[in-house]
Structures are given as structure tokens and as C-alpha cells.
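Each of the next two complexes has subunit A plus one other chain: subunit B in the first, subunit C in the second.
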Partner chain A sequence: MVNIFVLIKQVPSTHNLEIDKKTGALIREGIETIINPDDLYALELGLGLKEKYGGNITAVTMGPPQAEISLRECLAMGIDDAIHVCDQIFAYSDTFQTTLVLKEVFDKIKDYDIIITGSQTSDSSTGQVPYQLSEALDIPLITDIFSIELKNGFVECQRNFGHESQNIQVELPILLRVRKHFNEPRHLSLLGIKKAFEKKIIKMDFNALNCPNFIDGCNKSPTKVVKTAKISLQRKNEVIEGTTSDKIQKILDIIQEHGIEKIWVGEK
Partner chain B sequence: MKNLNEFKNVWVFTEIKDHVKVHDCALEILGKGRELADKLNQKLVALVLALDAEQYLPLIEEHGVDEIIYMSHLDLKHYHERIFTNLVHDLVKEYKPSIFLFPSTEVGNALAARIAYRCKTGLVSDVLNLELSDEYGDNLLLTDKPAYGGNIHVKIICPNTRPQMCTITMGTFKQKTVKRKNIQRIKKEFNCDKSPNKIKIIGTPTRKDKPTSTLSDSKFVLGGGHGLVTKDNFNKLYELARLTNGQVGGTRRPILDGWMPEHLQIGISGESIFSDLYIAFGISGAIQHVVGITDSKTIIAINKDPNAPIFRVADYCIIGDANEILEGLLDYFIVDR
Partner chain C sequence: MATINESTQEGMKPKSNLDEFDKEKAQNFSTIFNVESNDQMKLLRYGIRKFAENILIPMAPTVDREAIFSWETAKELAKINAWGIEIPEKYGGAQLDSLSYAITIEEISRACASTGLNVSAHNSLGVYPLIKWGTVIQKEKYLPDLAIGKKIAGFAMTEPNAGSDVRRINCLAKQIDKGFLLNGSKIFVTNGGIASILIVISRYKTKNGKEGMAAFILDKNMEGYEIGKIEEKMGMRGSSTTSIYFKDVFIPEENILGPLSDGFKIAMQTLDVGRLGIAAQALGIAQAAYEHSVKYSKERIQFNKPISSFQGISFKLAEMATKLETARLLVYKVAAMRNISKNISKEVAMSKYYSSKIAREITQEAIQIHGGYGYMKDLPLERFYRDAKACEIYEGTTEIMKIIISQQILRGNM
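Up next is the complex of A and B:
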């Protein structure tokens, strides 16, 4: 039986983020949260594989208590089980510390065949965790696939790699990173939503994972955020007045100022 | 904790693109690396792993390096995650660079993340700026990167571990041609264990080049939105792009309407642009789109609605019918040649 895991993250929806002028921290209260958009493609791939080949599929997230809502959403999509990795000491983990925690999680799970991730998170936008987890677990990471078939103990994938399109065979376990728009993520079903609230979410904290003492997101992350600022998109905002042809002429002038030349392309 | 003073010099992973040329992004990063090395009074070192690596060295030497550490071997023709990671990690352990910069490419991102994990150090992705600052420690690398879809900028340091690593996207810095005196070339022997690879390639791979003109490296981008109303109107945008050597892009809407292919989307779930000039035709300016255009040097927005949010991020605001303006521009380019 194939054992599939999908890594997801709860992120703020990116509209209207504000910064507390006194503390310089993001104001998180009242901010709507969503499943990281890229993770939906990972969930869909996992669900599709399960439908085709059977097995069990689990969503895993590391995040604050409220991230449970995102796991419920996954369960409503048809995910079988959910693991919530949550502990105060994991807060402020950078990608390196996150990877260390996830390694503990999968060392504890032991029986994993396929771990699927999205391409990056919309909040920190690093995309590093899949590569680092591949190092930590010493399993191959396959990115940019466009087809996948599960065989006995291995997968066959078509992938883009550099400037090549390759057919590859990889022994399980593997990590897969799914690119955007790889598939059409499904919606929640009413029945699914009902079931989602009946299921139990497995909680894993520092003690349950028996974490070594170098795991400490707040104090031992190699990178530290020292400043946060909302970017000002300050522009000239010069309004061009006049007739339509005045406006067209002004655009043509700007085009010319930018060194853009008409090119000869023959008849229309 | 390691003695941080043992770590010296600024390294740039000088990627060879598709085994034919030095990646332009790597040359740009060398330009910035030179500045950092000058301020630290340390060396700028280019790291090159390639087949026939010597052929690339003269060009790299024109870009401000003090030293090139290189390996040349058939097994380095294509990026191979295990070979490259092992070799680069060994070199880092041997030479102990203080700063290690990578192009933000498929290869650069993968390699940087793996090396950072092995070195138990920090990595900042897609930085917009780099400076050396004494604000938080002695000559610490202070990186500036966008987060939350570009709405927010964060400044990040890596105070207690080395190397301080980051990846940098194409177009962030400018290439600079400077030739230093007494450039050292250090050739390292290729030695990598031949343990079996977990990924087996079946059959012969087919060549599949990415399109050469992409949104992210176009100097002139013409963006279309729902305000162009019809597919015929949107097609005029393609015509104008053809006549000006520009590149069409747009919001999510024209994709859903079937006017434009998926890969031309600009914004959160699409590409970011770094053009000299961007003209937004009939685009309202939802944040999902706007975050992808803010790195454009000049922005002209055309929209009927004077309150459209796109005007807040535009240098030139034209309140009017985008179709009429587009038609007028086309007339100029078609008739008067």
C-alpha cells in the first residue's frame, strides 16, 4: 500500500497586509488565512494518485494552533489523515529549522513512500524546503514533472530538467515538488466537510517527536528577520490630459524615450 | 560555534547555462560581488564546474574576479544534484567562504538550498539588494527580500553561521566589466564517488528549450486586461507587440476568457516583469497583478475608470478607452513607417 504525504502551509491571504507601526511586526489579527495556493496542486496530485493506485494520503502542516483549519479543509477534500506539527518552540523557524523538524516528523512516521510539496509558499517565497528535506531524508527530489505512474516500488515520471525532457525511473521513497497549474485542484464537497469535522487530527509537538535540543525555531534559526516594511509603490502618478490623440502622442513620446524603435515587418 | 573570522572571501556560483555559456545572471552577481569584496577588502572568487571549463574563464575574468576555482569534467556537463552538491560542499569546507551568492535559477536554487542545509547555515532567496552593515554585527550581509507576494519587504541577516548565502534573480544587478591584476586560476581535480544514482534516465532525453523571449527578460511589455473587452481587441495587442518587438502579458482574466495563454500571466501566480517600459491596457490593478509589475522602470496605465487602483502604481495615468488608444498606437506603427 502506497503511503502518500502532502506538505501544506497555512498562509495569510496576501491582500491588505499591514504593519504595526510601533513594533514593526505584521498585524495578523483579522487577516484571512488560506491554504498556500501552490499547495493545492500538491494536494490534487496526491488525491489523484490515491484514486488511481489506492493507498493512504495524509496532509502534514507545521504551524500555530489555528492552522488546524487548513488541515480540516484538506480532510474535506478527501485527504484521509492529518498531522499537525505544532509547538511554541517551532515558531519563527526559518527553512533550515523547518527542515530539521520535518525530518523528525518523517523519521517518526518511517513508512512513507511519496512526499509531495507545492513549488513555494506565498508568505516567505523561498522554495527551499523541498531541496533541504531531500538532503535531510536522503531521498531524491523530482521537480517539474508532467506525468507520473506508480509501479511496484518505484515511479516512472516524465520531467523537464534543464533543457531536456526526460523519462525517469526512481525508487521509492521520493519527494515530488509540483509546479503551479500542474492540475485543476478540486473543491470541497459538502459530504467531505461533514466528514472533516468527525476526523481526529494527529498532533505532534516537541516532546512527542522527541526532538533533539538543536531544534529551536526562535533561537537557533540561522537567518533572522531584522526589519519588515510595507513597500511603497510610489510612482509619479502624472495624469495625461487632453484629447485622445494628445494622449496617444504622449505614449509615443515615452515609447521613444525608452529607446523602443519601430521595426520593419512588412505589410499588415 | 565556529570561529567566524576563519571565513573569508565572496564566492559566486558562476553557472554555465545549458553547457554553452556563462549565465548572464552569474555575471551580474559578480558585479555586485566585486563591491562587497572591495568593502571587505577580501577576494571575489568565481566557482565554475563544467565540461571544458577553461573556455569560459576569459569572459569571467573580465567581470572583476580575483580568483577562479574550477573543475572540468564530462560528468559536470549537466547539473547533477548529488555530484554538484558533494563537490561544492567539499570546496566550501576547504576554503570557507564568508559570503556565497547564487543565481536564482533551477540549478542555483537547488544547489544553494542543499549546500545551506549541509553547512547548517542560512539562505535567503531572491534578494533585491545586498549590503554590508555594521548595524547588527561586524560587516554582516544585510539582505532585502520581498515576501507575502511582494507586498512586504523583509531584511534578513545570518549572524552566527557561515557562509552567508543568497540567491539573486536575473536583472537585479548590472554586469560590470573590470579586469583585476594577477587573477589566479585554481584548477581542482574532479573526484566524486560513483555510488549508484537513485534516478535512472530511461531512453534518450529530448531537447526541450524554454522559450527564448520570456516575460521576465523583456524590455518592453504590453499588458492586457479585461478592459480590452473582446478577443479581437486583445489580438491588437499582439500586433502592437510584433511591430515594436515588445512582449504581451496580462492578468488572469484574459486567460480565463481564452484570449491569452497561461504562461503570459503577470503577477502572483505568473511571472514578474523587469521591463524598461510597461503599458497596462484596460487593467484595473488588482494586487495579484500589481506585485508582478513593480520592478518595471516606467509604467503607463490606461483605464476608463479614474479610480482604478492601477493608477496608484503608474508613472503616467491615462484616463480613457484602452481600445481607442491601442487602435491609435497601431495606426501610427502601421501607417507611418
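Up next is the complex of A and C:
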């Protein structure tokens, strides 16, 4: 029986992301939240493995109290249990601090076989946690897998590596980082949604985890997001006046300004 | 028009609905005022909407153009329990309450009204009477297949000469040994072409001469059961509406639904539930038209400005939003009432009347906002309008709704 864990994160829905002009941080209040889209592929892989090989599957998230609804959504998909790691101290942790907390979580769980993550989050796009966590737990990390089979205590998986495909055999426990669009995440069923609210979510905070004092959220995060700015791509419009030959010359000049040296002009 | 007495059910003395509230359950009643902040309702809407946007919206234009029902889609709907919204879990359903039912129908209809009608008619008109009046044997026999959409259910009451005037139905089931022999025909049967199980409201005559109205469970494989042509409709074209003919169909006794003489009562109470589904459908269609209108009016530039900056357009948006909000509150109130109150005839008639009215108005104004583009088939606006119109007609016209409401008021249920 395999014990599967999927790491998920609640992120703001990507429509209408706004940045606070004063603090330069994402405005998270009042914004619709979703499960990080990449994590859905991780959840689907986990559910598929459970259906094929049996066992138990748990979703884990670290986040503010409102992240609970994302765990409910996991439960509605068919996940068995949910762990909500939540404490004011963990607020604004960077990936490194997040990893340290997750290490405490898995040290407490002890009995884990497969931990699955998405490739990166849509709100910070670092993709660092799976690498750091595999180091912290000292278990192998396999990325970009596209097929996986469990065989008596070890795992056989295929992964894409550049232009080659690798067949990898590895012993449990392992950490998997799945690629986007690697499967088709299932929809929520009405029964699943109902059942999701009948289950109890396991809460873990700083004290419950008995966290060491080097865990201190943003205070001990080695990286800090100093400012976030919105990139807007806009076409530049310029009206060129003059005679036709003037206009052509002006256009050629502009093209040359952009570093294109040779221009071939067709003749009648 | 003939006189109608839909709400004069035997033994039903209307009084204030509040008298019938179960106080414990009534606590949940307040949910309707904060559906948007109730996590379970929020997740339900989110889940169904995501499904509808991925699966139903892409195929909705084809469903309408070609007037098709897709069994592939039916399988997808089965995965989310859409065919068994209120069916008990032990029979494979989701066993949810009316509010969840209304939101599900609303969200499906927002994407594809025809699919909303398929699902709504199946759940409310076909399945609900089985849950409410079916015997354990009947439930065990029919509900598991119906819960997963392996079989679709429908409801047959309307006849060529008995539309609003239900008491004029002509179908007759004569008692013979071990059952009844049914003759007659039904028209405008929703899901008629796809339903394997049909609840049929018919007159009956027993051996000893007793007459009345009964509800029977018919299987399309019964000998003498014949499906007529599929009607060409203005809207709701993905819903298969047909005539059904009965020629000496033998109905065994075990296929009587509820007490034999309760046919009329069963029909009326079933329609109350059906009308909630129609109100939710109209809400979904109106919501879709409204969302398109807001988006388009912000993007469409005329006279160097988005057209939403003109009051002629923005006031339309304001009216749409207000009507939607009002209709939604009423639909959810009726849904919540259904969980705790026996008599919802008046309120459900109000919500069907009002939702279908505002859906027609909103879809019409949505076309106006889109101008020429709205009139073209490339955009779904004209489809919304055609679909919305049906809601004012089927399962009791707006005029019948007003008769029910006024009768209840005048009999003291104010």
C-alpha cells in the first residue's frame, strides 16, 4: 500500500491580477483564488496511482486560513485526506523557509512513499520547492515524468530529457515533479463536493510541528521580493507623414534603428 | 382558455408557508442570503462552472444547430453526478438538497440551455416522483441506472387537447388482469426521444368502474409504446421533444406510481419541483447573456469610446444586473423552502414566472447591445433568446403561473 502526498498551493486566479502600487506586492484580498493550475496535474497523477495500486492519498498545503477551500477542492476530486499547514509565523516565507517547514511536516508524517508536486506556481514561478525538498528529505527527485509504474517497492518511470527519453528505476520514497498537460485533471463531482465537506482537515501549526527556531517565515527568508511590477506589452503607434517616398525612407530608417542592416526593397 | 385548477389539490389547505417550517432545518434557510460566502455552495458553483466551460460551452453551438443529444456528453455529465443530483447515495446518486440542485441547473444552463433542460427534466420530472412516491422495489429497479445517466427519464402529461387544462387528458388505462391496458397519445414530451423511463399521467378505469387519474412508470421497451417524430423547435433544440403513442400497452400493477388515485396530486407536486428547475435554467441563460453584454460593451468602441460609457447601454446593464439579482434570490429562496416546507406552489410559480420573464428581457436586450453582431448566429446571443423564450411556456405558461399565484393569495396564502 503506497502512501501518496501531493503538495498544492492556493494562488490568485490569473484573471485581473493587480499590484499594490505602494508596496509593490500582489493584492490578494478579495481576489478569487484557485488551486495552482500546475498542481492539478500532480493531483491527477496521484489519484491515478491510487486507483491503480491502492493506498492512501493526502493533499498538503501551506497557506493562510482561506487556503482551506483549496484543500476542500482536492478532497472533492477524490483525495482521501488533507493537511493544512498554517501559522502566522510562516507568513511570507520564501521557497527556502517553505521547504524547511515542509521538511518538519514530512518528518512528522514519517510514512511517505511518493510526494508529488506541480512544476511551478503561477503566482511566483520559482519552481524551487521540489528540488529543495528532495535535498532536505534526502530522497530522489524525478522531474518531467510522463509514465510511471510501481513494482514491489520500486518505481519505473520514463522521463523526457532534452531530446531523449530516459527509463529510470528508483526505490521508494521518491519525489516527483510533473510537467504541465501531462494528464487531464478530472472535474469535481457533486457527490465529491458534498463528501469533501464531511471530512476533517488536519491542521498543523508551528507548535504542533515542534518547529526549530530557524523557521521564522519572512524574517529568516534568504530571498525577499522587493518589488513586483506589471509588465504590459503595447504596440507603439507612430503616424508617418510626408510624400510616399519620404514615408518609405522613414520606415526604412526605423527598421534600421532596430538593428536590421540589410534591407531589400523590391522594384517595379 | 379553459378553467384551470392546478393548485386545488385535495387535502391541501394553504396557509402561510412559515407555519410549516421545521425550525431546526430553518436555520439553514439563511444560506440563501450568503450563497456567495458559503464554501460548499461556492465550490459547487466553481466545480460545475469549470466542467460546463470545458465540456458544454464548446459543443453548445453544434447541439443547437444540429439539434442533437450527445451520449458522450451524457457520460461526462454522469461523472459529475448530474443525472442523480437528488437520488440517494445508496442508489448511486449525490443526494443533495434543492439549493445545490438549483445552482447545478443554473450553471449547466449558463453554458448550454438544452443540456440544462435534459438534466433538469430528467432529475425533476422523471426521477423526483420515483424518489418521492416509488416503492423500494421500484427505486431499486430504476434509480441506479437513472443515477448514472445509463437511462434517461421523462414525464408525459400534455396532450393535443390538454395543455394548460390538465384535467382534460384523454389517455386511458383500463384495468385488466394483473394490470392496466393503456391507450392514447402524449405530445411535447421533454426527453421523449431519449428517455427509456417515462412517468405517464393518465386517466384510469378499474374493473369495478372507479375512475380517476393515475401515474404510471412506463419503459420504452413495452409493447405498443411508440415514439413519434422529433419536434423542430425555436430554441432548446438539443432537447429531444417528441410525441409518444400508446397502443394497448400492458402496464403491470407493479408499475403504478404511488396510490392509484393520486395521479393528479403527483403530477402537480412534480411540476412544482420541475418549475424550480426551469426557473434555475432561465437564470443561467440570463446570466450568460448578461456576462456577454458586460464584456462586449466594454470592448466595443464607437464614437471613440467603449459603448458601456453611454448611458443608453450602461443603464441596460444596470437593469439586467438588478433583475438577475432579484430573480436569483427568489429561486434560491424557493430552493431552500423546498427543503423545509411542504407547500411551495405559490413561491415556485412566482420564481418560474419571474425568472423566465427576466431571462426573455435580458437575452433580448443583450442582442440589442451587440447590435448586428447579436443578430448573427456567430455569437450565442440569438440562441440565448430562443432558449429563454421556452421557459415562459413549458411546465406551465406564465399565465398559468399567475393563476396559481393569485389562487393561493385569494385563498389566504398571502
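Keep in mind that, in the parts below, the second predicted complex is superposed on the first by the 226 of 268 C-alpha atoms of A that agree within 3 Å, B and C clash if a C-alpha of one lies under 4 Å from a C-alpha of the other, contacts with A are read in each partner's own complex, and residues count from 1 in each chain.
We adopt the following convention: contacts are C-beta pairs under 8 Å (C-beta built on N, C-alpha and C of every residue); 3 or more make two chains touch, one makes a residue touch a chain.
None of these values were measured; they are calculated from a predicted model.
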| item | value |
| --- | --- |
| Subunit B versus subunit C as contact partner of A:Ser122, first or second or both or neither | first |
| First (subunit B), second (subunit C), both or neither touched by A:Glu156 | first |
| Subunit B versus subunit C as contact partner of A:Ile193, first or second or both or neither | second |
| Contacts of A:Lys21 with subunit B and subunit C, given as first, second, both or neither | neither |
| A:Lys236 touches, of subunit B and subunit C: first, second, both or neither? | first |
| Which superposed partner A:Lys110 touches (first subunit B, second subunit C, both, neither) | neither |
| Partner chain in contact with A:Glu164 - subunit B first, subunit C second, else both or neither | first |
| If touched residues of subunit A are counted for subunit B and for subunit C, the larger one | B |
| Partner chain(s) touched by A:Lys224 [first = subunit B, second = subunit C, both, neither] | first |
| First, second, both or neither for A:Ile254, with subunit B first and subunit C second | first |
| Subunit A residues touching subunit B - in the complex, by the definition given at the top | 12, 14-15, 17, 19, 26, 37, 94-96, 99, 122-128, 131-132, 134-136, 139-144, 156, 160-171, 180-181, 221-231, 233, 235-240, 244-245, 247-248, 250-252, 254-255, 258-265, 268 |
| Contact footprint of subunit A on subunit C as seen in their complex | 39-40, 42-44, 46-48, 50-51, 54-55, 76, 79-82, 85, 89, 93-96, 100, 104 |
| Interfacial residue positions of subunit B with respect to subunit A in the complex | 18, 78-79, 81, 85, 106-107, 109-110, 112-114, 116-118, 120-126, 135-136, 142, 145-161, 198-203, 205-210, 219-220, 242-246, 262, 268-269, 276-277, 279, 287-288, 290-291, 294, 298-300, 311-321, 324-325, 328-329, 332-334, 337 |
| Subunit C partner contacts - residues on subunit A that touch it in the complex | 68-69, 72-73, 76, 186-191, 193-194, 196-197 |
